[in-house]
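Read through the structures below before going on.
In the two complexes that follow, chain A is the common piece, with chain B as its partner first and chain C second.
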Partner chain A sequence: MGKKTKLEAIDLDAYYGDFHALKSINIAMEEKAVTAFIGPSGCGKSTFLRTFNRMNDYIEGFRTEGQILIDNKDIYQKDVRVDELRKNVGMVFQKPNPFPKSIYENVVYGLKIQGVKKKSVLEEAAETSLRRAALWDEVKDKLHKSALALSGGQQQRLCIARALAISPSVLLMDEPASALDPISTAKVEELIYELKNDYTIVIVTHNMQQAGRVSDYTAFFYMGELVEFNKTKTMFTSPKDERTQNYITGRFG
Partner chain B sequence: MRASEKIIEGLLWLSAVITILITIGIIWVLLSESIGFFQVVPLSEFLTEKEWTPLFADKKFGIMPLVAGTLLTTGVAIAVALPIGLTIAIYLNEYAHDRMRLVVKPLLEVLATIPTVVYGFFALTVVTPFLQTIIPSLAGFNALSAGIVMGIMIIPMISSLSEDAISSVPRSLREAAYGMGSTRLQTSFGVMVPAASSGIVVSVILAISRAVGETMIVAIAAGQQPRLTLNPLVPIETITTYIVQVSLGDVPRGSLEYKTIFAAGITLFVFTFALNNLSFWIKKKYQEKYD
Partner chain C sequence: MPHIDVELERLKTKLLEMWDLVEYQLQSGREAMLNADQELAKLIVKRDKKVNQYDLKIDRMCENFFALFTPVAVDLRMVLAVLKINANLERIGDTAEGIARFVQKLDSPVDSQLLELTQVLPMYEEALAMFAECRVAFISNDPKLAKALIKRDKMLNKIYRKSDAVATKFMQENPNKISEALAILSIIKKLERVGDQVTNIAEEIIFYREAKFVKHKQDKKKKKD
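The block that comes next holds the complex of A and B.
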């Protein structure tokens, strides 16, 4: 340990109307490390992930109690601007969702909405981000072609490049490889491994092997509770809670 | 197959065929009558002559003044309806709560159910006097008020169809935009509207097609003076109002004057037919973009 805490939840409860989706979650996640959220469907792991960029705000009836801290600042305070927050906390979704624009326009979208107009800056950012996302060599000759013409795996890496282009410090990934074939999945996993040198990454996954391969820490959620949180190695070899043991050995979920 | 099934199938087939036959019949009448017209008035004169005076002693047969009048009122109508309709569509989609949407959408559609004759009188007796307080030179009959009121009439067409188009953009795109730190406005204009653009364009084309064919409002409020101008402040005449004017008058059946309405009619038909096909083509071409 010894490293700085980047993301933290303190006594966090979340509700969809009357449904109690997250029950007093307490967790502190390390900077520049990969934390995986695992657990059966409906356990609240995606909901929890989405509290870090307040993506749940648009769902009617959703509310939280407690605190979510990023760099020790409570992001649910009134003075926090959600659009500013999301420039620091990037997100990659389950299904690749590039905009129906060119590859280049997708990558520079975030910079453009921030008002960056200079072509040289945009072009450089596009190349850097695409290289970081290990996509540059595949698309450098067709930057102005539609992003929708790319394969699913390429689209997902494009979405990662798009998220990286605005230099966030946190990257939230909601089952980023669940819609991809094994080869694309391997590429995305490799990428996550590379990216953790510079970013704090939280990844939700259904895939136990994937959690084992890419993450430093793992949190197991069950029925809205955080059951266990530990180093991935420790968690997978000697889980403390019986429910964790049952889940990772495939007895349910 | 049982006999009753056969009969039902036959009846369904018959109703489909009757619709097609009626359409063909209308086109046939339009064509045959206007052929008679074009045998007397060459097509070149019809398209290039700058005056339209079939009912005067000195007859001139240039369709352009009527086309100009039609385009003018349509242009004003779209200039009113597109920004308002699109704003409403975006508001309903991005900002309004579900309950608000459930109330506003049907209310807007009421606008489309008001009889056009009411709109016409509204243009003549309310909008024109009001506009005259701002623009003193405005004539009592003019293209401007007729166009504005026509625009109000087609707002629900644009807002409703555009709202459908925007709401059919996948949720994942909206999330992508928000996830990048876009504000609601940036999400709407930068992502949702472009992604829904084909549907929005279709809504506008259908609205244009409706405006081109609109008769009553312009007949009441725009005057009936064919004039080759794009000045919205003076009286004009559209293709549709000319047809009404002649159909109601005492023009002898079979005369050249009588045949002018078919020539005007076929011009109108070419316009709306082209617009409807264009919208159909755009819809088909861009529909499957997300599948």
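The block that comes next holds the complex of A and C.
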């Protein structure tokens, strides 16, 4: 209540060529809260998530109608610089995708691209980000070893550290723990819980319990539509729409 | 049927078995009271152990269900309702046992005038009817029926409230039947509890079906009264 809206979609439609992937989506997501996107495979979760950092721009034939606002500013306006936007909106993917470089190089990659050269600045940013991603203690003695030698769970936290290093205010996560074992998953979830003090987080997940554990709000998508959006507690105790109920109780189709 | 529904059905079936047993206990209590039947009273007391076994069994089934299925939404409410209904059935079982223990204090069939004055029989009939109706509401997922039950509880309360005065008067007039009157008075108190417990169960059925807490609304009303 009275909380600030950070991310917003207004009458958003999205198309891959002729295919109508998102159908007049309206949603307002709260600042410094975690919002989970759930819904069956192919319902448009990833498509919608990617509209917030314009990752879909690369896809041939993709176009949107309506508005996507971050801090009340339409990010599809002509004057918006996509590189600036991506500094503000970090993204973590389903499969950990570290670059074949050292741990350190992975974390400072974004900063270097931005032109930061000073070693002390980069080192400090690397440490801060790795600490924030709860990975520092595990890697501090091997920062210059290859990132590919880390475990899957460590790699995923490294990717989170990499996303954090450019100091975004929004973090988009597309199934960030789906390839991880329960312990690594718990670590990532713990991390999300910590991070929401400072970041606005949107997480796509197929794991209902995970959505319940980490998110404040949950949005249920079905066939390109936003069916229901509410406090996570309400969604998992008394959803209003029968489709939501069927989905979260595993009785779909 | 999805796996989770099979488990839920098993849980419901077990609860209904318990429900039948408790109903049987209550009915037997009525028989025992009417005839001052010591043998039957003893049997009721003994059978309460079986009710307790059901209680434990259902608790354990619910625990397993939580652990293995992590239910949400309507499933979650269903299991929560089963847990609470189970607890209430167990208490109604205790109440039936309590009635049987008071019957054990009667050494001859109850004075017909005392029965008449206290209205313990119609009260017993009503409690039994409410209990049976509640079972129907649960099986047929009928929150309307459950709501009607909550209203019916008033009749039991009315008889209960009058019972002290009625019994006192009877005892003054029949000083040789004081212990008998006290036993009936205690049974009336027990029946009033059954009404409350049926009300609790009815509230759980409404919660399960409509995702609404009825309890707190009622509390507010009570405060206004």
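By definition in this document, the second predicted complex is superposed on the first by the 252 of 253 C-alpha atoms of A that agree within 3 Å, B and C clash if a C-alpha of one lies under 4 Å from a C-alpha of the other, contacts with A are read in each partner's own complex, and residues count from 1 in each chain.
The rule is simple: contacts are C-beta pairs under 8 Å (C-beta built on N, C-alpha and C of every residue); 3 or more make two chains touch, one makes a residue touch a chain.
Everything numeric in this text was worked out from a predicted model, so none of it was measured.
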| item | value |
| --- | --- |
| Chain B versus chain C as contact partner of A:Ile166, first or second or both or neither | first |
| Chain B versus chain C as contact partner of A:Phe236, first or second or both or neither | second |
| First, second, both or neither for A:Tyr16, with chain B first and chain C second | neither |
| Chain B versus chain C as contact partner of A:Arg86, first or second or both or neither | first |
| First (chain B), second (chain C), both or neither touched by A:Tyr193 | neither |
| Touching partner for A:Tyr58 - first (chain B), second (chain C), both, neither | first |
| Between chain B and chain C, more extensive residue contact with chain A | B |
| Touching residues on chain A, where the partner in the complex is chain C | 208-209, 212, 236-239, 245, 248-251 |
| Of all residues in chain A, those that touch chain B in their complex | 53, 55, 58, 60, 83-87, 90-91, 93, 95, 97-101, 109-110, 113-114, 148, 159, 162-163, 166 |
| Residues of chain C that touch chain A when the two form their complex | 2, 4, 70-77, 211 |
| Chain B to chain A touching residues, read off their complex | 97-98, 170, 172-173, 175-183, 186, 190-191, 194-195, 289-290 |
